[in-house]
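Each of the next two complexes has chain A plus one other chain: chain B in the first, chain C in the second.
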Partner chain A sequence: MSIPTTNKQAVEIGKANKRKYMLERVSQRVFLFCALLSVITLLLIIGFVFYKGAHPFVAEGYSFIDFIFGSDWVPSEDKFGIFPMIVASIYATVGALIIGVPIGLFTAIFLAEIASERLAKIISPAVQLLAGIPSVLYGVFGLAIIVPFLQDTFGLVKGQSLIAVILVLAIMMLPTIVTVAETAIRAVPQTYREGSLALGVSQIGTIFKVVVPAAKSGIMTAIVLGLGRAIGETMAVILVAGNSLIVPTSLTDSVRPLTTNIALEMGYAFGTHQEMLFATGIVLFSFILILNFVLAKISAKGGN
Partner chain B sequence: MRHFKDNLLRGLLWLSAFLSVAVLVMIVGFIFYKGIGLISFDFIFGDYSPTGDGGIWPMIVTTIYTVLISLVIATPIGILAAVYLQEYAKQGRLVRLIRFATESLTGIPSIIYGLFGAVFFVTTLKLGMSILAASLTLTIIVLPVIIRTTEEALKTVPGSYREGSLALGTTKLQTLYKVILPSSMPGILSGIILSVGRIVGESAAIFLTAGTVAAMPDSILSSARTLTVHSYLVTQESGDIELAAAVGIVLIVLILVINLSATYISKKFNKSTNK
Partner chain C sequence: MISLKKAKMGLLMLSILAVLSACTSNSNDKQTSDGSSATVSISGSTSVGPLAEKLAAKYTEEENTNIEINQIGSSAGITNAISGVSEIGMSSRDLKEEERANGLNEVVIAYDGIVVVTHPSNKVKDLTMEQIKQIFTGEVTNWNELGGDDLEIVVVSREDGSGSRDAFQEIVEYSSGELIRNSIIASGNGNIKTTVANNKHAVGFISFEYIDDSISTIDINGVEATAENVLQEKYSLARPFLFVYKEGQLTDAGQRFIDFILSEDGQLIAAEAGAIPVK
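Then we have the complex of A and B:
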């Protein structure tokens, strides 16, 4: 073997290695960029929505206080108050929680602790599948069944009401709450149950005094996830809310939550009116951020 | 007394479970009962007509477009992002920031995505109300889903695979493409299928970015309506519950097939790793 050939080979190998290292470095940059894209889009979303929504208050002299606490929303007369919608959103969400959480939680407990394995194996996957049904269909069901039912039972002129929204949202959050809470309850170590039963505590006592407290953080996650689904829901709510611009004083009042306002008027709004819809979005966004913060707190606690 | 309380609680547990199941069965039952009469070959594959007796083929095509376009963009980005987080990144502030951003994106309601899509894709990038604008918005919505499921799949690849491959003198990149990605493929795939479900079920974000035109889209730059938006609009505008329910049947069957195939794939995957 002659020396020049080896040199040439060495150079070739060196070149190939250089290319390989180059490729490694470049691809790592590409991967990093892809991972950073979620940060970038989050910043873009916050930036654009806040820029658009803050514009009327910063540049056009509208009062933010009047926006939040004003009760008149008449875009043609330049009146933008979303207080009724904030109240409607909060009432609807809290109401849905009051109905959906106990039923969902009890169903989860039933599936994890009481039901025979065979029964749970049929019901749990079915409930999981229901979590995937498009939310619009819950709205269609609400309009076709719940609304006429309310109309007939309570003799209402219009069945589309706060209580209809609450019922539809409560049903919609059920699959989420059941699925997540069931997983949390099943994750409680068997020894907890055995220890409690060995002390002579009944099965029901064990469930409520030992198992449920032990699964607390998972159950809280389930509730917050259900809450997130309820507060952000739009199209299903439009169908059953009635969309009147009043501060609801009874369960049978027609309401317009925040999400509904955006979807209903975005199609034809322009100028300040459109910016005010983005401002409505900011208020909704703030609710969600607070929710995410709470969720992060809870899961951090669970980790400890 | 204690027995009474126990029995009461036990009764409530049974009652709640019964209520949940009953209400959910009722919804599916209602959709099928109301809509099944309209389901026919012509309804699914026929062109739309404003008189009401046309089919929903344009909406199915629009739905397929949105699924394909958003997945073509979101899948590679999501997978590579997950690869960075699992295989390359040193756990630290940057990774925490990326994780926080991804989790926050998961929690944002779709109407906010719709607002963003309307101002960014539709107006700023001048795409107009179009399938493309909606698909790009949907891309952002499913990105966190793909990242998370891919990360989970990558976690299940045993460290010995990586070490074995690297010990043979391969580069990190070769190990990634020849060893790690192939062995986590089923997990990644079921994540992608779940994203399809999310896209098919989405309505508010599409409503604000793709518009409501009820016709066969000429191109991805035309405005069109997906199945969910169609179901919403026929209910809202004409109160045609039968039609909305018939569209609902198509949606439920789609979601069912999507979910079952995701479950099937991940089950198969689990079996093969347990061996």
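Then we have the complex of A and C:
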């Protein structure tokens, strides 16, 4: 009689095990599916943008060279040239870097090396909160404060200008730069600082000659991430850029970066005009891809 | 397990397809399914189109009529009305002589009015159509050439493709290519108003419904921008929204739709949509 009982037990255990493994496998699939979801979304977006954006060049005989280097954008007259916008995007991003990187870097150094713990505990959350503000609010702030300020202070005919875009973008990239750079600086081993100080180097000397070089790759990552934030920003820029279709020759010219061209005209565009806006998206996408490539290179270097 | 994954993938793809197809199918589809009711086909202006869509949506709620609207531009719509492809054509401009010669009847269903606006401190209050054209094409670049202060002019325009911009350019008679290059481009009437209200150099154009105290309006040849002046055809920065049809081609259903548009209810919808009612 004992044998059937053990058999019964074995069957019971087997059943329980089966259920357990079943659950295991099902949950694995669920996680896999969730992980795949973002990959699928990425592929769908790339596929859709490239399919729509490439159409005018493949099927309608438009020249891609004219598209990139053409300086006329008049959709209603069938002229599609985005050169002024490419220049505007590059100028705005580089300008924002020139202002944003030193401020961001110095803030990070201050928080990690100089500030007392109490002070850092006040400033750090404030910087992080800056990252959480919706970008359209930056735009409204720019339109209500920066634009009139530029107009009144410098006697400009219009405050919507390249410099207004640069200022707004510089503020927006600050949290990214500060947070990433601060983490990198804090990760530098304490022994580096101790060694430098023991040799009689001042604190500032230690920071710039020892700590910052040691955190170089992390700081570069911070800058590239800030760059990505600046070049892709749309809503804040659209309100302060002025969106004029000229190649900017001074900081006071109003400009139209690539992102605002898409956002501005997509609402009314159809046919070739709409496809050309997708093509603008391809160019923007290429910029982001290049940035990510650079970022990957930097991270790889940092690893070594 | 593989099949489970496949099934899930399939489900995802299906849902994406469903969303995509829902986006691409247009509103005409649901109206053609009912074959028993009369169908009125309308085509033409992309400016009149949105208003016609609103009117049709309200009308078909109560009447057993299909109204098919294709927004293909005024000229194409008028051609369709002449050739009989569409029962009614929509136009946002007056008919040309040769079009009228084909025996077309026209009904004004509403007017579209646009006003040129400046900063309240601007002394220029009256312009001719030619002067407006010179401002927007960059021939005149300082307010003192127009009797104002010595201030550079900053032109504010809508984005390419906007119906208001098309209308403005059509009436003032300049093309998108002629628009002064360094003009500020603002999306939407409200955005133009804010920009102009905050810049004493600026000049822009907005729909009548956006007029308020934050900006100063410009008279055209001494005629103020009011709905009455548009209706009396004194104010020229306005255009009619026309329904055109060929004599004898209008069905009862089409006539009833036009009657509805000209009724109190229909005109109220037109006013809500931002047009100037004819009554």
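For the reader, a short list of remarks on this structure follows.
Convention: the second predicted complex is superposed on the first by the 272 of 304 C-alpha atoms of A that agree within 3 Å, B and C clash if a C-alpha of one lies under 4 Å from a C-alpha of the other, contacts with A are read in each partner's own complex, and residues count from 1 in each chain.
Heads up, the rule we're going with is that a residue touches a chain if its C-beta (ideal position, glycine included) is under 8 Å from a C-beta of that chain, and two chains touch if they have at least 3 such contacts.
If you're wondering where the values come from, they're calculated on a predicted model, not measured in any experiment.
By the touch criterion defined above, A:V136 lies against chain B but remains apart from chain C after alignment on the C-alpha atoms of chain A.
Residue by residue along chain A, chain B and chain C are tallied for touches, and B comes out ahead.
Look at A:S254: by the touch rule set out above, it reaches chain C but stays clear of chain B. In the superposed model, A:L44 lies in contact with both chain B and chain C. By the touch criterion defined above, A:I145 reaches chain B but does not reach chain C. Contacts of A:A198 after superposition on the shared chain: neither chain B nor chain C is touched.
By the touch criterion defined above, A:V157 lies against chain C but remains apart from chain B after alignment on the C-alpha atoms of chain A. After overlaying the two complexes on the shared chain, residue contacts for A:A59 are found with neither chain B nor chain C. By the document's definition of touching, of the two partners only chain C reaches A:D72; chain B does not. After overlaying the two complexes on the shared chain, residue contacts for A:I238 are found with chain B and with chain C alike.
Residue overlap on chain A between the chain B contacts of one complex and the chain C contacts of the other covers 32, 37, 44, 143, 238-239, 263, 267. By the touch criterion stated above, chain A contacts chain C in their complex at residues 25-26, 29, 32-33, 37, 40, 44, 72-77, 79, 143, 147-148, 151, 157-160, 238-239, 242-246, 253-254, 256, 263-265, 267-269, 273.
On the chain B side of its complex with chain A, the touching residues are 2, 5-6, 9-10, 12-17, 19-21, 23-24, 26-28, 30-31, 34, 76-78, 80-85, 88-89, 97-98, 101-105, 107-116, 118-120, 124, 140, 143-144, 147, 171-173, 197, 200-204, 207-208, 212, 228-229, 231-232, 235-236, 239, 241, 244-245, 248, 251-252, 255-256, 258-259, 263. Only residues 1, 4-5, 8, 12, 16, 151-152, 154, 159-163, 166, 175-177, 181-187, 191, 194-195, 198-199, 201-202 of chain C touch chain A when the two sit together in their complex.
Those residues of chain A that touch chain B in the complex are listed here as 20, 23-24, 27-28, 30-32, 34-39, 41-42, 44-45, 48-49, 52, 102-107, 109-111, 114-115, 123, 125-130, 132-141, 143-145, 171, 174-175, 178, 202-205, 208, 228, 231-235, 238-239, 259, 262-263, 266-267, 277-278, 281, 284-285, 288-289, 291-292, 295-296.
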